[in-house]
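What follows is a set of structures to go through.
One chain, subunit A, appears in both complexes that follow, with subunit B as partner in the first and subunit C in the second.
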Partner chain A sequence: MTEAVATSVSLNTRWRAWAIPAVVVILVCGSTLLPDAMKVYPKAWIVPFIDWFRELMAWLTQDTPQIPGLPPIREFTRAFAGGLNYLLDFFKSLFATGFHFRPGDGPADLPPLPWYLVIGLAALSGWRLGGRKLAIITFVGLLFIAFTGNWTSAMLTLASVIVAAAVSAIAGVAIGALAYRSKTFDRLLSPFLDLMQTVPVFAYLVPALMLLGFGPAAASAATIIYALPPMIRSTVLGLRRVPSETSEFGRIAGCTPFQMMIKVLLPSALPSIMLGINQMTMMTLNMVIIASMIGAGGLGYDVLTALRRLDIGSGLEAGLAIVALAVILDRQSQAAAQRSGDHKHDEQASFFMRHRVTLALIAITAVTYAIGLFEPATAYFPHDFVFSARASLNEFARWIAVNLSGPLNYIKTAFLWTVMIPTRNFIGGLPWFVPPLLVGIIGYAFSGFALALLSSVLVLSIFAAGLQEPALNTIYLCGLGTILSLLFGIPLGIWGAKSERAHAVLGAICDTLQTLPSFVYLIPVVMLFRVGDYSALIAIVAFAIVPAIRYTDFGIRRVPKHYIEASLMSGGTREQVLREVELPLAVPEILLGVSQTIMMALSMLVITALVGTRDLGQETYIALAKADAGRGIVAGLAIAFLAIVADRLVSAWSHYRFRQLHLT
Partner chain B sequence: MVQPIISCQDVWKVYGGVAKAGDGGACSDVVALREATLDISEGECFVIMGLSGSGKSTLVRCLTRLIDPSRGKIVVDGADITSASERDLTAIRRRTMGMVFQNFALLPHLTVLDNVAFPLGIRGIEKKERQDRARVLLQTVGLSGRENHYPSELSGGQQQRVGIARALSCDPKILFMDEPFSALDPLLRRELQDEFLRLRAKLRKTIVFITHDFDEAIRLADRIAIMKDGGILQIGTPEELIVHSKEPYVREFTRHVDRSRVLTAKTIAQPANGHAPTRYVDGDALLYQFANEVLSSNEPVGVRHQGAVIGVLNKNDVISILTSTDQKAVA
Partner chain C sequence: MERLYKLLKLAGTATAAAILMAAPQATAAPESQDPIKITLNDWSGQLISSKIMGSVLKNAGYNVEYVQADYLAQLTGMQSGDLDVAMEIWATTGREALEAAVKTGKVVNLGETGMVAKEEWWVPDYTFEVCPGLPDWKALNKCAAKFATTETAPKGRYLGGPVTWGGFDEERIANLPLDFTVVHAGTDAALYAELDAAYAKKEPIVLWVYQPHWVPIKYKGHFIEFPPYTKECYDSKQYNCAKPGGPVWKAAWVGVDKKWPGAGKVIRNFKISNEEMGELVKKVDVDGKDLDGVVADWIKANEATWKKWIQ
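And then the complex of A and B:
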């Protein structure tokens, strides 16, 4: 059998080596000869997907029952929204605004948790989870937020994150447990999870708004749905990894299925679930920042309004507050995940001794809150303490604009005219049937007919929805962004694989870049280059370069040492070994990195819509502004389809390389 | 004869349509267990011995119905577990079974005490009582003072002691032990085997013990079942297996066993043929215990069993048994 594979691979290799480039060249060259009329997808063939989704949404939100005898879906969604709003209000009041029982804008009837208490509790939690270093990071980060005057906004954001993350965690674990117990449910769920992870964040917002009504609940629901897949995945994975002996023990001990899940399986799967919670929390923060732009308030809103005023200083400070919050949330939830695996005994036996810290905290909280009750001013961060650098930052921004705009603009213009515009014109100038055909051919070459069909149909359906132009713009921006990310990322990854110091530095940078909500990337870019495709491209590259670096580094480090030793002993120079042995063997991992890079580029696209690109991200953004669910869903699905095609093609290529190298 | 506590009739386990790696991707049925028939009587220590892939794990998981047998009937403590519903099965397990696992399977988030008390908690016994009982059991296995530690803070040997205490916590009639000492290093294994023998003498439980180590089987077993390729080759006492190996495969194991610690005087005694010995050894004595006596005597030594003289032992016979690795010398 191995021989058969070997033969077929070598035959296919010969076939591919000639056929693919030949076909591509013929297609592309041939297409320039075709008349302009063939460039645009025929209007008559457009399928009214958008109308269908509008009708579907209308049906879902109608006031008459969808199924006779049952109340209309709207009543359920309203009830859900009510519950969610209640939770959100409670936590926002607790952390940020204080409780208002009387109508009107008067002072709060009950103050929020005092700001110094929140900082103290968070630092203490950091100390308990991750030691002194984490305590200091937390303390300094929160102080920064307070002193720059972003405290209330940050607490609003935090409250939204807490609510959405808590609901996601509970729902995710419950759904994950169900999927673990029922194979059928798992099989039904799996394609949805795949799709959910590729649909951009905005696409959830529109239907959520329609179902739940305009307000924070809709944003929160969209956030929860967006953050659910990794939570479900890690729960299922954690449960599957529980050693079979442990579940056998549970059965022999006579556990009922419920006891088994609650007392044996879930606690054993806790470390993996906690990793899921870390990932989910960061996605939640990302989404909360984005969602706050539709009026929910919080740090994202502050950044956006500052950018619109071109008040770069405030924008930067609010952006840094987001960074601080992101780093604190990430490090703390990571430390919690690491700690969930190791249990240490405590010799203290008595109740008061064991719970002395908890009891002390409850006492301190009660006392400080009481002080806040009598002296409300102490609960809020004093205005006089705000020490903002925004004026000097604005000054700095102006200085850059004056002194650096020459060279920066020169680079920008040169790049636009030599690379970006020609690429866009070339892709936009292809006859409409070329892109679907091309992905089909690539799919066929690396995998087979099934992938070819899937890729062609998905791309074709985007065109058929009337989204040819934004889709091509998307391909151009993301394609260019991916290529640039790889161009910079792969050499950096090689450097990281070769030098321990570079590895450590790059690792720290990548860690930080990965925790940042995608929105933050826009701030410096807009500051330097204003709006437009060029700014969008830079933001995309900054965001998507991480996997390119990471996977290259990982792939080269993973090459077995004996290959390298054998090559060196054969007389190879370091460069030769890298070129002839390490890189080829690392190609499968690098390709996985490519796939990740494309995914991240696509997810950044929606954010770059804010700086005025004309792609599918802009479509979803416009749909959001117009509350047009049909348009938003279709544009969101279009991005998801592009992501699926790119992901499947690249992983088919990766698998193909794996097989060639007999690494399966 | 006493009613067996476990009775297993013609039990098969076939994994259907499982694609095996390396056979060209073709589907084939894998017979994990074939035609297993055995009775285990109350109070017996029954060892199932086989190398990996021999089906011993499958057999014990069928006996506990952790996996469903494809065919056959298994009666445990009077209940037919092959046809029992999930609910009945839970009840049967709670009433009769405890199990010790190769990799301990302790719950990482519970203290040692709570791990031992866990099966009691499942049965709804209140906290105070179950912790008291768990404390007593931990004392029995020699782990007093470690109650509040977590499993990850203990050595492998200590963890398995917790595993044993936990399996005993509900006083099950049958204790299943799935290679309990295989994950431990040899010295520790020996120590725990001694501990096991001591506990066994004290508790007199029915034990079904799995191992791939024939020496361990010989040390601990009342009877041994030897398995290969999913089938049971032979069942017998350690002595029977050595004296009457039915299969060459069984002989492979018995060949290297230290016979002097397995064979008894009554088994190797020769007909007296009119000799009238002046010295006697007991029929149940092990060869190593009386070998010196026979070798230092110039005349055959008699064997007395249950009051009667059943034969004699010659110096030459003992020498040939001690020096040979061949079966025939024994018979």
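And then the complex of A and C:
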């Protein structure tokens, strides 16, 4: 029986091995003979999705009730925004600006938490969570932020992160618990989570502004939407992994379903939830930076204004302040996640002994804050201490732009002629029906009819929305970006897996690339290579290479040591072991890296729009500038559809490879 | 915690009101103590206009709050009354959006700021050496090949502004005609980063420049001279002439005139010239001075000017 299945599958795979490339080649070559008129999706068949979404938004934001008898939806969203604004206002006052009770922008009536107290408390928390090393990282990072003059902006950003992360954490755990309880809800939720992660934030910022009003709440809500999926997913995962004995025990103890969730299941799932909180916090920070570029204040805004006057030095310093903040948040939440498993309780000690550290901290906070009350100046970082290297950094950037542009531009010209321009012309020259058909065939080959239909329909609907040209540009830029990222990233990952020193260096580079706002290095890149697709491609690769490196490194490191020893003993050389044992065994992780690389490349579209590409990212950016909610949503969905198709095809391929590996 | 904060806020407002009522006023008492929310966009000129306006209003006894907002999204904010005043809406980039907002009846145009926006193709002066006859457009067209790059050859490369700025450059190239291709920068940061590098290397470049802005102050260059602008040239959708200049307007939420009628008048009176703004922008963007300091100096030096706005 199993043998019969095996033969039929392997027959099947053998058929696919030559038939698919053949069909693809015939289709592509044959289609170049077709007349030019077939290149463009027929205008008459364009579906007015954009108008539909515009009407939907108009209906959602109208002043008259949508459902008779109830207040209009806007009232509800405004009330929600009001609450969120209060929270944001409170934390921003507490950390950055101080409290203003009188209207206007005079001096604060109550000072913010003193800067040295925040640094001290953060370092202490680092020490408690992760020992001396984490304390030093935290301390040095925050001092860097303060001395480069970015303290207030960094605290504004931190306040936004805290509010958005707290709301996401609570909402994420609640929704995750619901999804764990109800299979139907889980299934309904899944596509929404995909969309929330892949639709770029520019696309729903205009609707958010319309519904939530002009203020920090809109940006914060957009951030929460973006950061929720990993929180929900890790909660569900954590709950599913709770051993059945544990829940059995709860049932015997007579818990109600609610008690069961709060007292038994959620505490047992805590390690996984904490991991979700770590990821979610990082995504929140990323998004807070992008949101502040469109007017929410904080470090992202500083980066943008500095670069607008070509003050690259200041932009870089603000960017590095973001990196410092990100590293501190990441390490501390990771350490908290690792510690969440072990609980220590010393029930014997008295209340004061058990809480002596907490009590001491409360006392210190009260005393330093009181000092700030009487001498407000002490609460703010003194201006005279600020040290900035921006002038020399600016000189350095200009020096590079002038002196290195010659040789680097030879590479650029060669690459443009041999790779980029041909690829763009090729993709742009395909008849319109080829891309939808192609993804369908690939989907059918690796998975089946369902995936083929899904992929074709999604791609076709992008064209039907009238977005063929920007979509093809997107495929060209992100496709090339992904291939280059893998080409450079996988070897680097292998190197990192083999050498501890390389691992450390690459880790630091990856951290920086992932958290430094791309705009900071995009402007110097433009100075070197001018505005155009080449500059955009560099930005995409710089960002998308990170998962390619990380997952390869991780995958190879995870290969059990005894496999490698066995193969070495049976006489394999190092290269053979790498090629024959380690890489094949690391394929699942590497493929996960591939799919993440594609996602990252697509998410960079929003940034490349800032240097002027003509892709779907530019569409969402234009929609934002014109406050056109319909156009933004449609372009955003188009990006999400491409991401979903790419993700499903890659994972279908990896399953297919996996089956092959296990049957031969 | 939140409730405590609300309580504190209430108490604070009450005491503040008491103090303010007791204090003697420099001018007539403002009609409402609520802060007037002035938007801050992301370029220095706008920040300077806004901070000058804010300082003057404060001197007139009003409370002012600055709110960061996107240039075009702020019009949505003013329609809902979340924002009150936007100091710079440029006819060149914001005309349609402002007209649409005014049409809703919730936003009013508070008149011109006195600044006149100009935007046009622009070349650095060193290009005159490789391309004699500049800044005339015919001369530019003759040496189009000198402005070419790998991507655009044999046509010249014109670096345009972000797509959202409009500008009809493609139409002008097709109808004049010009041997150029438009490459759009996505932001003005990218636009002028390229100029900065080209300027340092003395490479030929032709790009979109506008004023008042720090670029035509910092770099030596000229706007290209196209056939003069006529209404007919734009009405016929030929666009084969110079670009129309236009005023920079102030806009406000319609409620401003009801809530703070006096402030509405002060804002209408605000006037500043291109030259004066250019100097202020230079101090901030080119000389690297602190923006608030530059504004404070202006307020000190021009008391006679803004006192007139208040009366």
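Everything that follows uses one rule, which is that the second predicted complex is superposed on the first by the 578 of 664 C-alpha atoms of A that agree within 3 Å, B and C clash if a C-alpha of one lies under 4 Å from a C-alpha of the other, contacts with A are read in each partner's own complex, and residues count from 1 in each chain.
Definition applied: contacts are C-beta pairs under 8 Å (C-beta built on N, C-alpha and C of every residue); 3 or more make two chains touch, one makes a residue touch a chain.
Remember, predicted model here, so these are calculated numbers, not experimental data.
Per the definitions stated earlier, placing subunit B and subunit C onto a shared subunit A by superposition produces no clash, and the two fit side by side.
In the superposed model, A:267 makes contact with subunit B only, not with subunit C. Of the two partner chains placed by superposition, only subunit C is touched by A:611; subunit B is not.
Vertex at subunit A: the C-alpha centres of subunit B and subunit C lie 150° apart in angle, rounded to steps of 10. Applying the stated contact rule after C-alpha superposition, one finds that A:398 touches subunit C and leaves subunit B untouched.
Of the two partner chains, neither subunit B nor subunit C is touched by A:69. Measured by the number of subunit A residues touched, the leading partner among subunit B and subunit C is C.
In the superposition on chain A, contact is made by A:245 with subunit B only, not with subunit C.
For the pair subunit B and subunit C, the least inter-chain C-alpha distance in the overlaid model is 28 Å. Under the contact criterion defined above, no residue of subunit A touches both subunit B in one complex and subunit C in the other.
Across the interface of their complex, subunit A is touched by residues 1-2, 5-6, 8-9, 11-13, 15-16, 33-35, 41-44, 54, 58, 63-77, 80, 82-83, 97, 149-151, 159, 162-164, 183-194, 196-197, 200-201, 214, 284-285, 288 of subunit C. If you check the complex, the residues on subunit A that touch subunit C are 86-87, 90, 99, 101-105, 109, 206, 209-210, 213-215, 294-297, 301, 304-305, 307-311, 398, 401-402, 405, 412-413, 416-417, 421, 519, 522-524, 526-528, 530-533, 608-614, 618, 621-622, 624-627. Remark: subunit A residues 1, 243, 245-246, 248-249, 251-256, 259, 263-264, 267-268, 270, 341-347, 349 touch subunit B in the complex.
Subunit B contributes residues 22, 24-25, 61, 64, 66, 90-91, 93-94, 97-99, 101-105, 107-111, 118-119, 121-123, 148-153, 170, 176, 178 to its touches with subunit A in the complex.
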